[in-house]
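What follows is chain A paired twice: with chain B in the first complex and chain C in the second.
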Partner chain A sequence: MIADAATGVALALRGEGDPYALSGILRQEDALTPAAVRVLGADALAPYAVEHRAVAVGADDEAVVRQALAAYPPGADASAVSAWTYRGLVEAAHAFLPGGAPPWPPPPEAGTGWVESDPWPKLAHRASQLAALALPPLAPGLAEQLAGRTDDLARGFVRAVRRRDWLQAAGLGRWLARLPEAPQTLGLDSGLAFVRQMGGTDPRVALHVAAARRFHGRGW
Partner chain B sequence: MVTDRTAPVETATLAAEVEGLLEPAEADGVFRDTRECGGALLLAALLLISPPTPRPKTDVR
Partner chain C sequence: MTVTAASPALLHGVGDRALSWLDEHREHFRLTPDDFVNNGAVVERLKPIGELALNMQVLFREGVAGSRQKARAGQLLDFAWRELLDGGNVLARLQHDEPLSPVPLEVYATFHELGHRHPGLEAAVEVCRRTATWTALEMMPNRRLGVLNAERKLGLAPSSDFGEAVARTWLGQLPEPWTVQLHIAYDITHTVFHLTNWGEAPDRIPPDLADYLTRYLPAWMDDWADLEHWDLLGELLVVDACLPRPTLDAALWERYAAAQSAGGAMPIQRGMPEGDPARVFDLVHHPTLVAAFASAMATSRAMSAVR
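This part shows the complex of A and B:
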């Protein structure tokens, strides 16, 4: 179900398929829909960030997001990834589904201490799990902090490609596409093309690569 | 197999699954060891260039 939804998002970002509607690919009455939206996070709304959308956002889309936010809030002892993905979904709702009634909840606080303290392989793994937050204009503070460790993310990208961990590589490539100073020597464009070629059968890999292309013009 | 997606789901179980999907452990890397590949290539090359096994002459005059 998550894979199907990710495929729908990736198609929409590539400008293929039918006009995207979140409630069209994840039906409100489906018991697993809130879980799928929570796992996809901000990416569930990524097609709405594309300019000149063909279809207006409907009330059903809002309802689907509200269901997910209500059903799976991060607990008191939630991990940083859980807190950040939740925050990402809230921020995306504010940005792409404005004017909701009742108003969207304020984005919850999420810690950034790990950006400074994590060793680079762990940082790369964690950043790749938060790749949906690379969607502009979400999480500007996190993006700014990650920019301070651009070289470590680039190391992580190479490491992920060497390990043939295509999902991690795609997530990191997406972040590097957003950050202002990705090293020229990394070969990010050809790297993303390679990741798509090798791991593009995974819908989440395809989604990250399509997002890097659509929003940042990186990758072939 | 048909799954009824409208059936009630165990909320706690699903919440745990969602957390697991949000933060999966790092996948094991798949490496190709250059030394192993080189060794296999060398062995194949040696087999190819090795002289044929000596056999007794069979032509009888």
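This part shows the complex of A and C:
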């Protein structure tokens, strides 16, 4: 179900398939929908960031997102990844599902100390898990902080490809596509194409690569 | 987030143990009558002898050996020149059999730098170097760099342009760093070894190559440490020590040191092989020589940072 939803998002980002509607892919009455939205995070709404490719189905989409937000509120002891993923979905709801009554909750605070303190392998792992936040214009502060560790993310990309950890590589490639100064020598465009070729049968890999292409023009 | 550098004691200990092992197993470097039956075998046996000499030279040059270690290295070198190479006659004989082989020149260059001489070999090599064939010989770009560096060590005019040779190597073209696999990684390390004359002149690494290595070397080191490939990790640690700002990463060095056997040998990958001592020697002499090399370079850099 998560795979189907990720495939739907990736298709929409590539401009293929039927116009995307979140509530058409993940139905509110389906018991697994909140979990799927939680995993996709902001990416559940990514197609709405693309003009003309999606029809926001107002109240139905809103209900699906509200249901997921209610089902998994991050506790005080939530990991940075959980807190940021949740925040990403809230930010995406604000950005792409305007209106709504009652209004969307304010994005909860999520810590960024790890961006500075994590050794590069750990940083790369965490950043890749938060690749949905690379969706513009979300998390500008996080993106700015990660830009300070561009080289470390590039190292993580190299290591992830070497290890054939395509999901991590795709997530890092997507971040590097958003950041302003990904090193030229990394070969990000051919790298993203390589990751899609080698690991694109995983719909989440395909989604990240499609997002890097759609929103940042990287990869081919 | 900065990397914690290893202590000079940790760095030095790896090389000290490696040298002890090499010294204790020096008889295994010797060519046997069977080896002399065909030149292919001679070349195979010369390689470790050349590497042994290189290592001793690095130890002297970097000035990081204690007096006991230094004496041991000196004795090993004399042993290599006098007994293993018969004062250079073994090299001269191979050169006579295979005039275009760069191997005698490459091995001799190190001994020459250390003050040993074999005029007959030098004269013979010079005749061959003046042929058009010498520069036309097809070889891997980083090997070509090795030949040019050997010529430089002998004080000879280089037989072709060094910069062009660098540009033809894998590293010289700065390709996608995520494509690096085992044999590319060895091409990278050898390009750096020849460029810098085995760590003597790290500033000969062009700035764009140094930037590239600074950026991506940590990713390769981390991965091959996880694969427990100590031979390659050791070579990558040498490259690290040749960079303008070496990391001398304590966590990596601790893992590397822990892989060393109690006697000082370094396995190629994972654990130490077992069985016939001659076979074990054949398997582990290279990674152990690399360990001595990496240790000398890293210790030297750590000490100069302290000074």
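Everything below uses one rule, namely that the second predicted complex is superposed on the first by the 216 of 220 C-alpha atoms of A that agree within 3 Å, B and C clash if a C-alpha of one lies under 4 Å from a C-alpha of the other, contacts with A are read in each partner's own complex, and residues count from 1 in each chain.
We take it that a contact is a pair of C-beta atoms (placed from the backbone, for glycine too) under 8 Å apart; a residue touches a chain by one contact, two chains touch by 3 or more.
Please read these numbers as outputs of a predicted model, since none were measured by experiment.
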| item | value |
| --- | --- |
| Partner chain in contact with A:Arg14 - chain B first, chain C second, else both or neither | neither |
| Chain B versus chain C as contact partner of A:Gln129, first or second or both or neither | first |
| Which superposed partner A:Arg38 touches (first chain B, second chain C, both, neither) | first |
| Chain B versus chain C as contact partner of A:Trp120, first or second or both or neither | second |
| Touching partner for A:Arg162 - first (chain B), second (chain C), both, neither | both |
| Partner chain in contact with A:Tyr72 - chain B first, chain C second, else both or neither | first |
| Doubly contacted residues of chain A, that is, touched by chain B and again by chain C | 162-163 |
| Chain C residues touching chain A - in the complex, by the definition given at the top | 1, 3, 174-178, 180-181, 212, 215-216, 218-220, 222-223 |
| Complex contacts: residues of chain A adjacent to chain C | 116-121, 123, 149, 151-152, 154-159, 161-163, 169, 183, 185-187, 190-191, 194 |
| Chain B partner contacts - residues on chain A that touch it in the complex | 1-2, 29-32, 35, 38-39, 41, 71-72, 78-79, 81-82, 85, 125, 129, 162-165, 167-168 |
| In the complex, chain B residues that touch chain A | 5-9, 11, 14-15, 17-19, 21-24, 26-27, 29-31 |
